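Below are two complexes that have chain A in common, paired first with chain B and then with chain C.
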Partner chain A sequence: MNELTKEEVYHVAHLARINVTDDEVKKYQVQLRQILDEIERINEIKVKTDEILISPTDNKNVYREDIGIDEDVDIFKNAPRKSGNYIEIARFVNE
Partner chain B sequence: MSRYLDLSIKKINEKLKNKEITPLDLVNECFDRIEENKEYNAFITLNKEEAIRFAKSLEDKEVDNLLFGIPIAIKDNIVTKDLKTTCASKMLSNFIPIYDATVIKKIKEKNMIIVGKLNMDEFAMGSSNQTSFYGPVLNSKDKTRVAGGSSGGSATCVGMNMAPLALGSDTGGSIRQPSAFNGIVGLKPTYGRVSRYGLIAFGSSLDQIGPITRNVYENALLLNVLCGKDEKDLTSVDTSEDFTRLIGEDISDMKVAVPKFYMSDVINPEIRNKIEEVISFIEKNNVKVDYVDIDYIEYSVPLYQIIALAEASSNLARFDGVRYGYVTDKKVESIDDMYKYTRKEGFGDEVKRRLMIGSYVLSGKNAKTYYYKALKIRKSISDSFDEILSKYDLIIGPTTTDFAYKIGEGETDAIKSFTDDLLTIPVNMAGLPGMSIPVGYGNNKLPIGMQIIGNKFDEAKMYKFASYIEKNFEGGKLC
Partner chain C sequence: MLKPTIGIEVHCELKTNSKAFSPSSNTYGEVPNKKANVIDLGYPGVLPTLNKGLLDLGIKCALALNCKVTKEIFFDRKNYFYPDNPKNFQITQNNTPIGTCGYVEIEYDGKKKKIEIEEIHMEEDTCKSIHENDYTLLNFNRAGIPLIEIVTKPCIENEKEAVLYLENLREILLYAGVSDVKIEEGSMRCEPNISLSDSDKLGTKIEVKNISSISAVKESILYEIERQTKLINDGVKLKEETRRWDDKSKTTILMRVKETGNDYRYFPEPDIPKVIIDDKWIEDIRKTIPLLPNELRKKYKELGINDVTISSLIQNKELSVVLNELIDMNINPVLSANILTGDILSYLNKKYITFKESNITIDNIKDIVNLLDNNEISSKIAKVIIAELLEKEGDVSTIIKDKGLKQISNTDELVKVIENILDNNLKSVEDYKNGLDRSIKFLMGQIMKETKGQANPKVANELLISELENKTKL
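Right, the complex of A and B next:
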């Protein structure tokens, strides 16, 4: 198989929200192709079933009342930037 | 230095009960051993001060269970309140959890002592512990070789007996493969057996936390503590039982299946021969063994690449530099760029590759071509296992295709971290329990692991079989 095009690498990097430099793109064109070649092998398979298995559990979803638990935890503890009762991020909206 | 940690848990428990030793003696010995073996790089964070404080607080308490006062080490993707949890990633290198994982609560309830957090592949993505931000872990039997992964720190810790017990996690083989490489016992429980609450998610439909120990009995003891229904994990199941209860029973009249694929040319012949020796041994002990076909298991690698990485790309989207974790210092002009530079700088190569593939297989029409197709194959593999396990008690085969390899080998190969797990992945796909036990050494003096696969929630039977091999098969006890 041919390596991925540069545009394809930029596209998947964007989907994954990862910045890539031109040099890295060259590396990923080859490496991602290697993995995708493996993945393409599933096209050889004819499955006998149309059923899918998303998760190996028979448990049904359980709903509960919208009441807080463990509310005494400090959810700001690990925020890289905070200000009072807010988590702070850089400003991106023009004034 | 005292050598109490060389004793079995049962013997240590007697000594604690008789007041011959205190939990503090065990903790001090444990930290001496960790210090002595520092070069193995098994730990990322030590919990020394708190462990000593806690051990002292236990001195006046009644020794009320077998694991009371026993030191345990925890893989660093399981959150521990107030104790740094990094996932071996720059992304979380300063992360201090605000709550305990359910398994950690259970361990604390038994008054076990947490001595530290163990090295691993970054975000559990890898099979050699070489993707860790903190550097590779060395193999406990040969320090020029990899410990395996992703629970490499856990396996080397127990393999060197720095601590007698450790927790690992297994998404495609991350408990069993390093256990095989280090000659110890590791179990991936049935999906749902152990709560995943507080396990930093990789592939949510595949992940399980499990025990890594020196022998089969102690593995079962630790599973007794870990298992059970948890309101905070809806996939967990209420199944408490004593997993040691069948240990010591005879195995004759059991029926065991060996998948032909597990004994094919892709397996190192020396490993294959060792498994054949085990097969002859159990046949002499009246176990019926048949070689069987399990449809599609040869496709486990691409299946994993699609399902695990799709789930990972979704799970790891939370690392955005806002609520916790690393954030870029770069002056960025858009919020997208903040995410992109944070993730570029915070994640290592293996993780980035996997997230890109995961995003790719879920995007647009690819979701149908790859992800849904994979889910159909997953269903088929699960059905094939069900069929075999309706006729046989257990499935056995090798855990790994080869021996632990040299550090540095395969580091630039984008595929090797997946193919290493060829024989362990199918078990996660079907949600079955799987374990690795040592069955001997190769001529290179490296350990060989045998994999035992059971029906869902049939761990007690697996422990019975495993302990029989451990006790009676030459080479069944390495540690």
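Right, the complex of A and C next:
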């Protein structure tokens, strides 16, 4: 199969929120294709939805009762900034 | 001719005690960032624990919306990078929605129509973000609160059908007891998508977000139909996009482009094992669903309650619940309904309180209705008693005794009053002789005035007519 286009590599990099250099893009155009080819091989196995293994165990119906328990945790411990009772971050909506 | 096709996605917060995948409390209006733990904050290495209450309410929603319940379910991760969800994925259901193939019935133009529901699925809410000029504030109390997302098929033809669907859906979820469905507080969020086409093939879908009322849903649909029509007529090829409703300018504004479709890289959530829902579980949940609005309307109508009163009852769920209790106690339903939606409702609305917060009790109403039903008090006296009980706790018999409100059914006493009135209103007696029926109404009014509303209306009416007949014969 053909290697990925530059645009496809930039798109994946954007989804992962990482910066890539032109040299890296060239490298990933080839490497990502190799990964996708491997996945294509896996995709050849036909599995029905109800046969999908979603968990490495056979456990079923594992849940807890609906009781609210509030731990006393320091929510702001790893927060970049605090403003009153809020966590403050850089504005993220561009309208 | 361009025809609009509308689909609607609705998110509702479910009324559980704890969050979907963490045991933190599910609350609204608390001090910010007090009801959240490391799971809600998306710390590395934390594990979600599935809330049984979420599953119960998910099944309940599916049943209330006439859906087929999916018997074997699991959750999926929807991956996207956004600060309102720091673990960078939302736990949702992509492959096995809890309910499919449902419907909500609406009545439009005198015709019944089923708004088809494609699927409903369970997921977690993101944290609440408040945008200021150059920074954003985050409140994680909302992060992880369970949501049900309800997706219709593109089968809504205009803004009126959309509004009816949303109003009915809201009522159903409220009566089923799964959600507060308060749009203004964000516990119900509506996102219509609108496309225009002049053929059977659907046009380009434009989604609208950030709508904070049902009337704004209507406005946004009308605005989009107009905007898209103009663009298409100008030869512009539309692109799928998400727009934001701006309540101030009454327009939609293009939003920042987020990930879509494949970019979400859905895959099964490996930390939550599958859930098998058996028939017994479904039937147990079915038993907990009370009568829903359409069934209640039918029941009230059969009991002889009029349409205006019925719609007033349905809009005030608490009063409808009170009425149902009274009906179960074999109390006259029509009289009960009239009292509840009359003086009581207007008092509650005036004081901004609920029935429970008021001083009047179900037992009070039971006593009043029984007295009315047996003609022991007039409706005028009932009004006095109700007004008294709304202001101050008490019981009906004491008020009647203390205020001397006992109805006068004593014939001798009433005859005396009537004779006196007739002597002072000879013109009305003359009118009666000449066949003017309205004179009876006037004279009854006088009797009530004279007895301060205490005359038994039925007895007084009979006595009045026989006295008038006597006088006519003379």
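The rule we apply is simple: the second predicted complex is superposed on the first by the 66 of 95 C-alpha atoms of A that agree within 3 Å, B and C clash if a C-alpha of one lies under 4 Å from a C-alpha of the other, contacts with A are read in each partner's own complex, and residues count from 1 in each chain.
We take it that a contact is a pair of C-beta atoms (placed from the backbone, for glycine too) under 8 Å apart; a residue touches a chain by one contact, two chains touch by 3 or more.
Worth saying up front: this structure is predicted, and the values here are computed from it rather than measured.
When the two structures are aligned on the shared chain, A:87 is found in touch with chain B and with chain C.
Of the two partner chains, chain B is the only one that A:38 touches; chain C does not reach it. Within the superposed three-chain model, A:52 lies in touch with chain B and with chain C [touch as defined at top].
In the superposed pair of complexes, A:63 makes contact with chain C only, with no contact to chain B. With both structures placed on the common chain, the touch criterion links A:17 to chain B and to chain C. Applying the stated contact rule after C-alpha superposition, one finds that A:71 touches chain C and leaves chain B untouched.
Touched by chain B in one complex and by chain C in the other are residues 15-17, 49-50, 52, 54-57, 59, 61-62, 70, 73, 75, 78, 81, 87, 89-90, 92 of chain A.
By the touch criterion given at the top, residues 9, 12-20, 28, 31-32, 34-36, 38-43, 45, 47-57, 59, 61-62, 70, 73-75, 77-81, 87, 89-90, 92 of chain A touch chain B in their complex. Those residues of chain A lying in contact with chain C across their complex are 15-17, 49-50, 52, 54-57, 59-71, 73, 75-76, 78, 81, 83-95.
The part of chain C that touches chain A in the complex is made up of residues 16-18, 23-26, 31-38, 41, 43, 49-56, 72, 74, 79, 81-83, 95-96, 129-140, 244, 253, 255-256, 259, 263, 265, 268-276. Across the interface of their complex, chain A is touched by residues 94-96, 98-99, 191-192, 204-205, 234-235, 237, 296, 299, 301-303, 305-306, 313, 317, 320-327, 332-341, 343-344, 347, 352-353, 355-361, 363, 369-370, 372-380, 382-383, 414-415, 418, 429-432, 456 of chain B.
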